[in-house]
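In what comes next, chain A is part of two complexes: it sits with chain B in the first one and with chain C in the second one.
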Partner chain A sequence: MHIPDGYLGPTTCGIFYVAMLPLWVTAAKIVKKTLRAKQVPMLAIGAAFSFVIMMFNVPIPGGTTGHAVGGALVGILLGPWAGCIAITVALVVQALLFGDGGITAIGANCFNMAFVLPFAGYYIYKAISYNASIDAKRRVIAAGIAGYLALNLAAGLTGFEFGIQPFLHKTASGQALYCPYGLNVALPAMLGEHLLVFGWVEAIVTALVIKYLQKQSPEFLEEGRKN
Partner chain B sequence: MKTITKLWIGIVVLIILSPLGLILPEQFKARSAWGEWGTEEMQKLVGYIPRGLEKLSSIWNAPIPDYAFKGWEEKRLLHLSFAYIVSALVGIGIITFIMIGIGKLLAKKGD
Partner chain C sequence: MSKGNNFIEYSIAGALSFLKESIFADEYATKEGFLQSLDPRIKVITFLLFISAILFTKSITISLCLYAICLALAYFSNVNMWFFLKRTWIFIPIFSLFIAIPAIFNIFTPGEVLFTLKLLGLKLIITQQGLFTAVLFVTRVIASVSFAVLLSITTKHFALLKVLRIFGIPQVFVMTLGMCYRYIYLFLEVVENTYLAIKSRVGTRLHYKKGQQIIAWNISSLWHRSYYLNEAVYNAMLSRGYTGEPALLNDFRVKSKDWVWLFFTTVFFVILLYLNRK
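Up next, the complex of A and B:
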């Protein structure tokens, strides 16, 4: 889901940088109000987890690869705004140090994976686990569904960004300047592989960690916890 | 043991296991992720390299491209797995450093 340099035209790249700027500022403001010094290690673990889980490329035999992002989980555990900051840092390090995701596409990649993903994950989890006790099975199921739906939402959005490029930028002879595949190809490709495979990986990762925390450290699942 | 320590141990285990993300796609003959092809692959896929893509694709020279050391492209999976683990360590080291910096900047002191 990491859009490389050259796949999005300058307009799309610019729009998403402009869209992310106020979101990053808001995230910093909101986190500043609520973050306690004790929670900082958890913030670092969230970013580290998202980074390393993205290295686990899952193959579709004979086809493409993809991976979980852990974005829904990070959103659920840190809250969506802190999650946005954590995943942004992971994505920026991936782009600058490892060339995973383009530097011109950092805005778009952050919008998809550091904004839409943790926010969708957080709110879907909240809605389904509403009023459930900390040790309820419903929380594990809610986490799985949140991971699955949120990753697919982000993947669909990525497919959309790829797919509009041939409409936006073409040479006089009709050759694409950036991503050559239109919506009719990009959208089903991105959505299909995530609906079939990678979404389930995100669902399992999200659900398993929530289940583990229920047993080991239920305090992390409490809303507005004090530690 | 404190939960935070356990979670860090979990991260270390994931770092050690990370080469699976390299070995499994190789075993199952899976190609690049959709939309993350290099220019050569693009030439094969659509018969040409979009001009803007060609220009922009080399705009940034990452120091550890694709989690592998430069010049190690032809090395065997064992070497690449080693580079993958080192990449994970370096990446997580830097991310932790940045996050603690951001955390210090934003967190309320005292409690």
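Up next, the complex of A and C:
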């Protein structure tokens, strides 16, 4: 899901930086208003939490493992705007300090993983679990569906960004300058693996975490509803 | 019961290698070398110019030249070449190389035939356009990744985060980044210790469903700890004089060497942009 440097052309990178700018400003304003002074470190802790859950190896049938992004979960737990800031910070740390995510693609990565993923996850969860009690099974199912759909939405968007590169950036003789595959290849490739494998990993992890929180610390789910 | 509990091993190994790599990176940042002697702000600006030049170029030769400059900078900064090549090629560029291979064939990139291969009765045609696209793609990725990694291993991470202020990023973001960076280590340690504890108790094979439950329990427990840590951290901040507005020390010094380096890199960038227009 992380887009490295060199996959997207300058126009696409620029567009996503421009698209993210008002979202970051709005997120900062909303979070400053809603976050109590006492919760200031929560953003940093939330960002570190987003960073670390991306490193968990989740066992899947067949003896192998897969990674969960946890974007929908962060959206549900922190609320979509605070989630957006937390994931942005985690992605910047990854790109700048560990060279993992691509410096020129931070805008695009943040749009897919820090905006689409937590927002879609949060609102799908909220819609399905509407009026459900904290310990309702519907919340667990809602979290699973939110994790699955939000991840696939973000993956589809990433595939779309890859797929438009040969149309946007090519030489006079038609040679692709960045990601070499068009929409007919990039979109099914990105969606296929996420619909079949990673989406399920995300769904299971998101649902199980909500299930555990219902039992151990239901107050966190109350808190998430307020944001 | 099916398969082993290797996700536990992977997670412990992942956390350990991450910590080890960071220690290595910090080791290079404190060594004496060309890049370590530059002001972090000037270094970040010049590296962004290099990365932008790689992003804009349409030429394999320029892309390779920039990669060679990156390797030379690593050499003059006392970075172990084997460590650097291993760190930069694994994983993104190797992955990119694999996904670029099909693009060289006419199925994906039609064009002038360069040569024809016969594999298991299948006729595969490599096109000139396909080869150009794939080679440019891979060289662009490796050059960009190398510059990004070189910047992160030759600059103290905390200094790198402070540099963000020169780009007008609000202090609250810089503070969040700095704090997040510290908590990553704390959380990784928590995760590593938890997995070691699980491993010492599980000892044998584990069904994947049970494994998934362990992961979910781990994440929720981490969230639980994170949430309660928040209050303790806030009290610690108050006791150190936090008034709602973070204050950061500015101890950067720009020397004449930094200006010379900035001048040459900017001239070089302008020349590359000019060549790119041709």
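Just a few scattered comments:
The rule we apply is simple: the second predicted complex is superposed on the first by the 202 of 227 C-alpha atoms of A that agree within 3 Å, B and C clash if a C-alpha of one lies under 4 Å from a C-alpha of the other, contacts with A are read in each partner's own complex, and residues count from 1 in each chain.
Keep in mind that, in the parts below, a contact is a pair of C-beta atoms (placed from the backbone, for glycine too) under 8 Å apart; a residue touches a chain by one contact, two chains touch by 3 or more.
Worth saying up front: this structure is predicted, and the values here are computed from it rather than measured.
Applying the stated contact rule after C-alpha superposition, one finds that A:190 touches chain B and leaves chain C untouched. Residue contacts after overlaying the shared chain place A:3 against chain B, while chain C stays out of touching range. With both structures placed on the common chain, the touch criterion links A:158 to chain B but leaves chain C unconnected. Of the two partner chains placed by the overlay, chain B and chain C both lie in contact with A:97. When the shared chain is aligned, chain C comes close enough to touch A:77, but chain B does not. Applying the stated contact rule after C-alpha superposition, one finds that A:28 touches each of chain B and chain C.
After overlaying the two complexes on the shared chain, residue contacts for A:174 are found with chain C alone; chain B is out of touch. Looking at the shared chain after the overlay, A:205 reaches chain C, while chain B stays out of its contact range. Once both structures are placed on chain A, chain A residues 4-7, 9, 28, 32, 37-45, 47-49, 51-53, 55-63, 65, 85, 89-90, 93, 95-100, 102-104, 171, 175-181, 213, 216-217, 220 are touched by chain B and, in the other complex, by chain C.
Of all residues in chain A, those touching chain B in their complex are 1-7, 9, 28, 31-32, 35-45, 47-49, 51-53, 55-67, 85-86, 89-90, 93-100, 102-104, 158, 162, 169, 171, 175-181, 186, 189-190, 193, 213, 216-217, 220.
The part of chain A that touches chain C in the complex is made up of residues 4-7, 9-10, 13, 28, 32, 37-49, 51-53, 55-63, 65, 70, 73, 77, 85, 89-90, 92-93, 95-100, 102-104, 171, 173-181, 185, 204-205, 208-209, 211-213, 216-217, 220.
For chain B in complex with chain A, the touching residues are 3-4, 6-8, 10-11, 14-15, 17-18, 20-22, 24-25, 27-36, 42, 46, 48, 50-67, 84, 87-88, 90-92, 94-96, 98-100, 102-104, 106-111.
The touching residues of chain C, when paired with chain A in their complex, are 2-7, 10-11, 14-15, 18, 21, 48, 51-52, 54-56, 58, 88, 92, 96, 100, 103, 108-109, 111, 129-130, 132-134, 136-137, 140-141, 143-145, 148-149, 151-152, 157, 160-161, 170, 172-173, 175-184, 186-188, 191, 206, 208, 211-213, 215-224, 226-227, 229-231, 233-234, 237, 244.
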